[in-house]
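Should a chain be cited, it is by its letter among A, B, C and D, assigned in written order, with residues numbered from 1 in that chain.
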Amino acid sequence: MATAPRYYAEYLHLDRLLTAQRPASGNGGAPAHDEMLFIIVHQAFELWFKQILWELHAVMTAMAADHVPARELSRVVARLRRIAAIQPLLHHQLDVLETMTPLDFLDFRDELVPASGFQSVQFRLIENRLGVEPATRLRIKGAPYFATLSPEDREAAEASQQEPSLRDHLDRWLARTPFLRFGDFDFWQDYQTAVNEMRERERAIIEGNPNLDPVARDEQLATHRETIAGFDALFDRDRHDELVGRGLRQLSYDAFLAALLITLYRDEPMFHMPFQLLVALTDIDEGFTAWRYRHALLVQRLIGDKVGTGGTSGHVYLRKAAERHRAFRDLFELPTYCIPRSALPALAPSVREQLGFHWEHAQS
Amino acid sequence: MATAPRYYAEYLHLDRLLTAQRPASGNGGAPAHDEMLFIIVHQAFELWFKQILWELHAVMTAMAADHVPARELSRVVARLRRIAAIQPLLHHQLDVLETMTPLDFLDFRDELVPASGFQSVQFRLIENRLGVEPATRLRIKGAPYFATLSPEDREAAEASQQEPSLRDHLDRWLARTPFLRFGDFDFWQDYQTAVNEMRERERAIIEGNPNLDPVARDEQLATHRETIAGFDALFDRDRHDELVGRGLRQLSYDAFLAALLITLYRDEPMFHMPFQLLVALTDIDEGFTAWRYRHALLVQRLIGDKVGTGGTSGHVYLRKAAERHRAFRDLFELPTYCIPRSALPALAPSVREQLGFHWEHAQS
Amino acid sequence: MATAPRYYAEYLHLDRLLTAQRPASGNGGAPAHDEMLFIIVHQAFELWFKQILWELHAVMTAMAADHVPARELSRVVARLRRIAAIQPLLHHQLDVLETMTPLDFLDFRDELVPASGFQSVQFRLIENRLGVEPATRLRIKGAPYFATLSPEDREAAEASQQEPSLRDHLDRWLARTPFLRFGDFDFWQDYQTAVNEMRERERAIIEGNPNLDPVARDEQLATHRETIAGFDALFDRDRHDELVGRGLRQLSYDAFLAALLITLYRDEPMFHMPFQLLVALTDIDEGFTAWRYRHALLVQRLIGDKVGTGGTSGHVYLRKAAERHRAFRDLFELPTYCIPRSALPALAPSVREQLGFHWEHAQS
Amino acid sequence: MATAPRYYAEYLHLDRLLTAQRPASGNGGAPAHDEMLFIIVHQAFELWFKQILWELHAVMTAMAADHVPARELSRVVARLRRIAAIQPLLHHQLDVLETMTPLDFLDFRDELVPASGFQSVQFRLIENRLGVEPATRLRIKGAPYFATLSPEDREAAEASQQEPSLRDHLDRWLARTPFLRFGDFDFWQDYQTAVNEMRERERAIIEGNPNLDPVARDEQLATHRETIAGFDALFDRDRHDELVGRGLRQLSYDAFLAALLITLYRDEPMFHMPFQLLVALTDIDEGFTAWRYRHALLVQRLIGDKVGTGGTSGHVYLRKAAERHRAFRDLFELPTYCIPRSALPALAPSVREQLGFHWEHAQS
């Protein structure tokens, strides 16, 4: 219980918060009207980035444990969902920023040079903690992304690259799920059989497509053979590892299989939360990807092909980053390997019981 | 141009901004996890309130002038629209806050007493500047709303009550529109004739409604007579003033007529911006009304019928305030007096020319 | 597999769908431009209402069973969440409809009389299936809501009133949860003790509030005593039943207790999905309530105080319905009875084990 | 006035609308649960596409005239804004569709082959009418986009390619704006002088950027020279025409200049609506671009790298189309040529008067 009566403005430290808007334009006179919006939008972004980092920290602490109890998992999912619930705000804040026209921006843009949104260390931390890999990061005008950060910020960014990311934790957690190694239940052999049947069906679709001329058909069959090649990796650890080596997969073999298994048998009670965890991460990855792309459009709309305040051609960089800086791309690959429920191998009864609750058993 | 190279974090004063989150729970130990969200949502609200006040200030300064040039008006409209564009953010921030469950809130709620969102002086300033009248304000547990504010905040709130509001400026601007007093074009007499015909049609609708039993029909005809009574006020300054006296109208007679005229003849070039101005104010009034109501639902969902931290039964207060604290309710009354375009008196050609551009005339 | 090659337009029956827009205005000539928008918005509403009914049907079928297996429950939750995901569309469709101004509406409004949105039988079915009670429904101009429906629609609406609603199914499902009757674990006695302590704390908050004058304090203490009176109902089946009799509670005593238990111990694996179920229903109730209120504002904005096409004073009715037509209001009462986690009685170890998974046990 | 009393369901032709959902799965038995959602989402898309086409038709009819009166322009803007207001619905409908998981989709996906969203002729008409050029369109597996359409749909699509697009109308309207040829006011010469000064400033920014190493600086100066090259096109009709020839510009020289002039002097009353027109088109272009990209993410999430039902690798195609199928890309190039207001040549007083209202003049 508070000792002195709390006051709203003190509790929220509004004296700090509401005096932190210092327009650079105007030189002490009246600043450019729209600079206030520019500052406040970016400050609101930073507040939400802090909140996202707060949630990520709690999630990563929980997932770093050698054993993640089921009761903990529901909290992890709730916090990831909160991040996903914050993402629409980031989108809408761009809508608000877009009420500033290019001409209004020009009223104070020169004052910002060479500061740039690329210098948001909180956003870099989010990326690194999710699992964006240093090696795949776009360079900014020939230099690594952290080159323009202050020494302090750079240190924080580089340190976060050394620590295990959320994807690393996810990988370890998935890889040790016991249900990959069920006594004599040889799931993956059954699955391979079922998959082979589906492949044939897919090929038939292409060959039977009346709208394709021979050239298009051949092109497409080539694509299909490529898909099959990727499919093979599902049943061959070495090929999967090779894809990882080429940067085409991010998760380890065991983790990828476990994620697929959870996806396929998500109805089993024990998989409810793990499945929601995977969906929440998919949402977050999609949310940031769409946001980066939208951000690129906004920059193009505001400055066209001008050089950005940070010295880069803004919208082209952002557009490329949208695809490159994804931390959970593998979750978007899982559907490639899904087969219809009707073709899915049935789980052995003993396995199914293991995946349920005590209570349900007791009730029957 | 900046003398020293700008750095993103310095420009945004992130050292202040990102150190202003001081959870009250935990006593120096780990705070309740969700208190961070609670703080950041409210800080984000305050940032946006500051932005809204910034836009309102510019708009009010422009509208306070004795002559508002047409070129100024487009800026006024753009800024009001920006406020309307910010409002969805306020809604979505409630969505995010709602990811906090009642139990999570209880982890730190006692620490907040007696602080309360009712103490947001920025929100009170927004209300006062828009035109919420002290007399119609809900009292908070028997006391005026500013009773729980700090002396400094209270002073600011009370001062803002003394100054002309945006509605006052709008009123003066509308009332002096020249087009109410066109030489020998007696608009209002023509309009009264047209209106009388419409009234008859409305009455016929009710009397001819086959789904109404006699009791319902009588009840509805009574409602219609009431509407007509209000209608009369359109053609009778004294009756309008009487409605103002009873708190049923907020705009003066001349202003109300001008607003209706703009609404009816919005296609005339000179009315384009004035019409957009009225629409933007309508949007803002609706946005805050819906937000207050949604806020009430959130509070009910978070604390049920518990007494709020500020000592009030939160959701009931907020629900009532949704209707009571409206500054532009009159704009929602204009449709009552609109008649179909087909019945609208034609403007005299000389008037129409006056409402157009030089250029268009020159082109013909 | 389809026998003939499918074509997009045939699959979607676009020939039906896109020829179902027949403006009433224009008499065969050019219709009022905005009538198309009016038609399409309402048709889009009806499409989504059909989808909501589709999901409700699946959910109700599952919940009607005497035993709802845990694996089924995740599907129920997913489908309720889909309804909640559709609700923002309903909101945004009002935003789109609001691009129509009152004057544009007047161009065709007379053609609609006496048709009215009140005649949407699908929306009535949604309300009835969720659990809106006939007795609490607002009458439309002295007659029951179904009075203006066609015989066929009326029959459907009345039939849906006779069938058990989703709230009825929820009630039965909650009431038979086994965890209310744990061997010798006397949960409710422990809870009552903990609650009594909290009540005292609440009262102290009011009495210690320095901002309250004596009059306000007394008023508030009275409110608190009322809250306590409601609280008593938690431990007294007869008082709860009395509240049900007065329309202040909708769930049965056992169901209400079970819902509270799930809310308090939601971290236990077996309660993960039941808790998400309650949250989804809370979201849905809140979503429709906010939508009704927003709809009322739109109607006021479009027609002011005119009599609606269906013969009612539209916005006043809709505003009242927002509160009255709620099917899961009790879920918003649960927080009233929540106490902080720190004060929560610990579950007996044997109970906690029962609420977990087989596997977790096996792993240790 | 309607002769027979209207009934809601008849007015909306709900008998047609609500019987147009015929799932392909189930063979007369229970269909796959989620196919209903799939159908209804796509039907809702088609309803909104119809509405967009309706608005586009009205807008294009107005803009096709040899003289577009100012009063007409406000209607054009309102209708384009309505399209922009519909676009968020299209986004949110993807959110709703995303509640369908890959496994749920597999339950009926095979039934759809070879139907595909690529066959939505309404969407093709929207693209063509906005101004997507046949030459820049992505081919679908080696064939033009209309290859898989039914003969009737193909005819409609090809016909729409022959007609002038909205961009064509915009071009003609912009090109004939009188204010490009003001008596002896040589605007473009003044502008060129002002621009040259800005160019120098831009170059100084790069050269003075302390964060760039020599390699990066050279790279960036090269980019800047490229920007300048593009800039030259502003003052050189031939170079502009060359850019048009290479597909880097879509508007004619005169139209591009007029659009820039309107952007720069938007505060002049006569430019209020023309500026809003350009902004609305920018919004629409951005909205569809972001939607296509988001759609690509959804497809990747639903089917991964599987071949789409239409026989293409869906998400890759859609991602490319996001950039390629833009009709108003030039509006995103305007900011490249904007210079700060402080450097903007002043309009001659006589010109400024011409751009204002009669009335304002009369008032002074």
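Here is the rule we go by: a contact is a pair of C-beta atoms (placed from the backbone, for glycine too) under 8 Å apart; a residue touches a chain by one contact, two chains touch by 3 or more.
It should be emphasised that the depicted structure is a prediction, and the values quoted were computed from it without experimental measurement.
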Field: Chains in simultaneous contact with chain B and chain D
entry: A, C
- prompt: Greatest Cα-centroid separation from chain C: which chain?
  reply: D
Task: Report, in whole Å, the distance between the mean C-alpha point of chain B and the mean C-alpha point of chain C.
output: 28
Distance between chain centroids, defined by C-alpha means - chain C, chain D (Å): 39
Task: For chain A and chain C, let me know how many angstrom lie between their CA-based centres, rounded off.
output: 32
Sites on chain A at which at least two other chains make contact: 5, 110, 113-114, 210, 266
Query: What part of chain C is in contact with chain D in the complex they form?
result: 1-2, 5-14, 16-22, 24, 33, 36-37, 39-40, 42-44, 46-48, 50-51, 54, 58, 78, 81-82, 85-86, 88-89, 92-93, 95-96, 99, 110-122, 150, 153
- prompt: Can you list the residues on chain C that touch chain A in the complex?
  reply: 5, 67, 69-71, 74-75, 178, 210, 266-270, 272-273, 353-363
- prompt: In their complex, what parts of chain B are in touch with chain C?
  reply: 101-103, 106-107, 109-110, 113-114, 141-143, 147-148, 201-202, 205-206, 209-213, 215-216, 219-220, 223-224, 227, 230, 263-264, 266, 279, 282, 286, 289-290, 293-294, 297, 300-307, 310-313, 322, 332-342
